[in-house]
């Protein structure tokens, strides 16, 4: 198994995130008979936006199958199968549906190894997609990763590009612990260089995506993309942002973030979820515990507005952070005495968001 | 309706936390016919440790009733009844069981008013008890408040004494929003002055429980009691801790904490739960966002060890923070250059913990 | 249906409801590609007879619990049409002020309990409304519409047991269209003995296979009457067929997961056409122009209404 | 039971298991007030015949899924007794290294799936073991023991449907003792037609009311044989009675929620005594002293074992 980064080119092709995921499943299922993929609609013609396309044909209905609408029990089934030596990948088309599975995930999956004294393991992968986009609304849009980061025994990963999608998925499948994977609907069509051979993007290592000296900007999931765009906008007014992608949220590579924040003296976390008790709170608190009072670090969290997600476009636009709001927040932190600055809204849009139109 | 504090004496008696809760239900059910109390075992002879004692007799089985073991649906039933104009109090003997209810609580209760455009309200109270004590283990011990603090639309409260237990419960019952109440098993026998007449301890107001100048020590739920003990131990070595009880975790009165931390320059949060993405992370991050880089505030979170809760006494003792570990952490923060100090373990025990022996 | 004056009044009323739903949804489908609608739509075209038949048995004090595929029942229970279309357009005048969208229609005044996009979640919530109706002695009943897929969620079993235990006035209506998205029953149900299962809770059940609006209405009337007398819950499983794709405005027989043949018998007995044929043509024509005007007005209202302003975002998080 | 050599071997084996469970639990109850046991205990005294009968039908490759009231099935399936008692004492040599306690017994080598203290949660997990057994073609089956209360959780219905749909080799055994803590069935079940309900999934069911260990064993043998032939899941509802309080070592007939009369018929046909009477007295005596020695050794082992050290806290959070 090799490790690699999104830039490494030998044996790589430009691949979409969704195809990178699909390739990870195909390669791992080929390699290991105990891997199976199940969940509502994994075997239909839409195949979870294409991320499970072809698997049914290649591996048959014993290893690729849909389920009844019974998320709670299906999670338990996955846990049981995992304890019995298989490697289930359980798929949810929306992360919101994980709320139906919390009891099994938190009370059993996270705790089994511990409460059974190390005599069992739970090599389970739970895939869940965040539905941000056109009109998804209250119950098809949530990024609930912080709830899982809270619980010892779970791992949590949120790949932000095609390269990491494949590498993290392979790492998750090979991991002997339950891993919650947060995939982002809007990342599916995005492309990156992806090696053909299997490789793992392992837990606990963040990546400095773009260097900078004035502020440390941590992006989570698709917010990495939006932070990179914010970085471009900021560079035009002479602010240099270092963008970090934690990739794995649990275990979290706090060292890389601490290292950067120690240098820039400013830390902004842009999250794909609410801020209260969120991943941003964790990162800010952990960095400041580490740096101590001499730190004198300015901090700011950005995330969903503290409301339910509305579908109406005017409200939805105000609900989600975007490159413009990220850039404006960074500017306010870096130049607190300047008048507020907001980049031209037209320039803050991301190409794929302009193009995308619903429903799914 | 009056407001009051645990010290106010006129018309007050010393009452146990459990009896203060019971009195709140009796008074509110007397006042408002739409209030009802239901959940597994609320009507048996143990009556949720006595907290629902006598209610069945006084108000009859239409307003005080047990349920099947169906926490998910019962939560939905409570939500529906609340939307239809009633005021349900849904009781869970352990907070861990709320994991079965997450879908209804987060996807419906928290969002209904918003996603239905303000046309409905959900005046629901969810009582849940934290089972810390002798051998409760992995699934009977969790404090999951931060998961609920994360979600807009929910309120969260964790009364730490008998006075607030009654006042918060009355406020929760009268609130038109879903309120998650975290009660702590070990607080049930503790006494405070409790007014006889109904009163509310309203959302969004913290209390400075004991003044101090060297460090701001925020305690959550029963950790308030343990912080007060830590404060005594610290005072013996000349460290003066200001202890704050947020009471309501959502909405959170961050102003009171900011005010204190600005003065003491040191902030320690001792929580009754895990620290990752926990209430302590939220408080630390929010305070530092507010105080800005000139703050130069030293911070520290204390909570459950990042493991599952074990029942074996040697492990359990290491899992939970206690007045000794809190005091030691504060000391390290206040006097970072001193050698580590830990108070005599015998002196760090709380009286009721020494006495209590299982199982329930 | 024999030709008595009362019966023809019923037929006319049912037809009016059926036709209104059909015209609204066809208009939704027509405008959908122009991007005026701002959230995913789940059309009930072909299944309208269930909502029309059941809701005809209800009174204003009764409630219906609908799903994300809830346009039909919303309309049949008398939900405000302007507010519905405005909601789908994401407008402030929408029934949810643009905060719900097509999947979360609500009309508290008309007794329409808000819909959920998480399948099955509405079942216990509806049961809670029935508990409140009983405790508050309103005399009202609750109808809980669900799909076949929703019966697989654990809360369905939990709710049935609770409703039966407490003899709550709730009629569960399962619109069994044979699919959950693209997955057929055979891949989800161990057997099709749903009614038998529900009956074991002591709940009277009936399975309606004939696709007849009046059969549905009569069954609902009977169940509701028993419920108002304190008879406790009842259950109807009603076979039906979804003519369009699961979500979105189009047909999808080219997608391979089901064949157009499946639709043929259902299209042949389309209740909208069948009931029209039972009525005097001038009545049908009058209803048609009335409905055309109503629907045009609703879409015009939605079109002309303003969007919420960004500052509205923070309203209604808490009561 | 006719007197054939084979049958008396069975009776002796069943008796040995029953008696071992009874002696262990009575010893647990005896030492409990001395505070050596470090987590809440849920005794199965009076209900042992179910675990003893069912597990007699199993092979080492089979699994059992137990509950927090799981001492009986743990022992009957051959779980390590020393490790069990040490676990209850909170010792490092416990089957969970002191991380589980009485409510979370596990013995992977003996095929005992770990227990959960959240009622019902073990049902889908056991179903997952059955899925694995089928996919891995081990030929093994899974027995999932549950209480009557657990059948009220939604995951029970969900699991039954899935197990039947996929014809999984799992035998669900409901130990119906009529109570969940202090709440009787009448306050929780709309009807008692549990077997009828399960049967609607196409699952063969049987209700055993006679409290007979051999009846239980024979029913389990039959079900397991059918399952090994690919017959899919089966279900047994077995009536029984809990003689002690829900949690803790004592009787509780003075608490008012149930009367001692309820116990009388069950005590009259106590299976431990009944099977003992069927065996030659010298066999019974030999078994008795053997069990006494085994049990004494287990408690002595637990007593002598060291507690975990605080640093152990961080082991096994992740694999």
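Think of it as A, B, C and D in the order they're written, each chain with its own count starting at 1.
In this section, contacts are C-beta pairs under 8 Å (C-beta built on N, C-alpha and C of every residue); 3 or more make two chains touch, one makes a residue touch a chain.
Listed by chain with UniProt protein names: A, B = Alpha-ketoacid dehydrogenase subunit beta.
Nothing here was measured: the structure is a model prediction, and the numbers come from that model.
Chain centre most remote from that of chain C: D (centre = mean of CA atoms). Computed from the mean C-alpha positions, the centre of chain C lies at a distance of 46 Å from the centre of chain D. Centroids built from CA atoms put chain C at 42 Å from chain B.
Here the CA centre of chain A is 37 Å from the CA centre of chain C.
Across the assembly, chain B contributes residues 67-68, 70, 72-73, 96, 99-100, 103, 107, 114-115, 137-139, 152-153, 306-308, 310 that each touch 2 or more other chains.
For chain D, the set of residues that touch two or more other chains comprises 94, 97-100, 104, 116, 118, 152-155, 158, 161-162, 165, 187-189, 317.
Taken pairwise by the contact criterion, the protein chains are fully connected, each one touching every other.
Interface residues of chain D, counted against chain B in their complex, comprise 35, 38-41, 90-92, 94, 97-104, 116-120, 149-150, 152-154, 180-183, 187-189, 247-248, 255-257, 307-314, 317.
Across the interface of their complex, chain B is touched by residues 63, 94-100, 104, 106-108, 113-114, 116, 118, 121, 123-133, 135-136, 154-155, 158-159, 161-162, 165, 315-319 of chain C. Per the touch definition, chain B reaches chain C in the complex via residues 36, 62, 67-68, 70, 72-86, 88, 103-104, 107-108, 112-123, 152-153, 155, 176-177. Chain A makes touch with chain B in their complex at residues 72, 96, 99-100, 102-103, 106-107, 110-111, 114-115, 137-139, 142, 146-147, 149-153, 250, 265-266, 273-282, 284-286, 288-289, 292-301, 306-308, 310, 336. Taken in their complex, chain B has these residues touching chain D: 40-41, 44-46, 65-73, 96-97, 99-100, 134-140, 305-308, 310-315, 317-319, 357-360.
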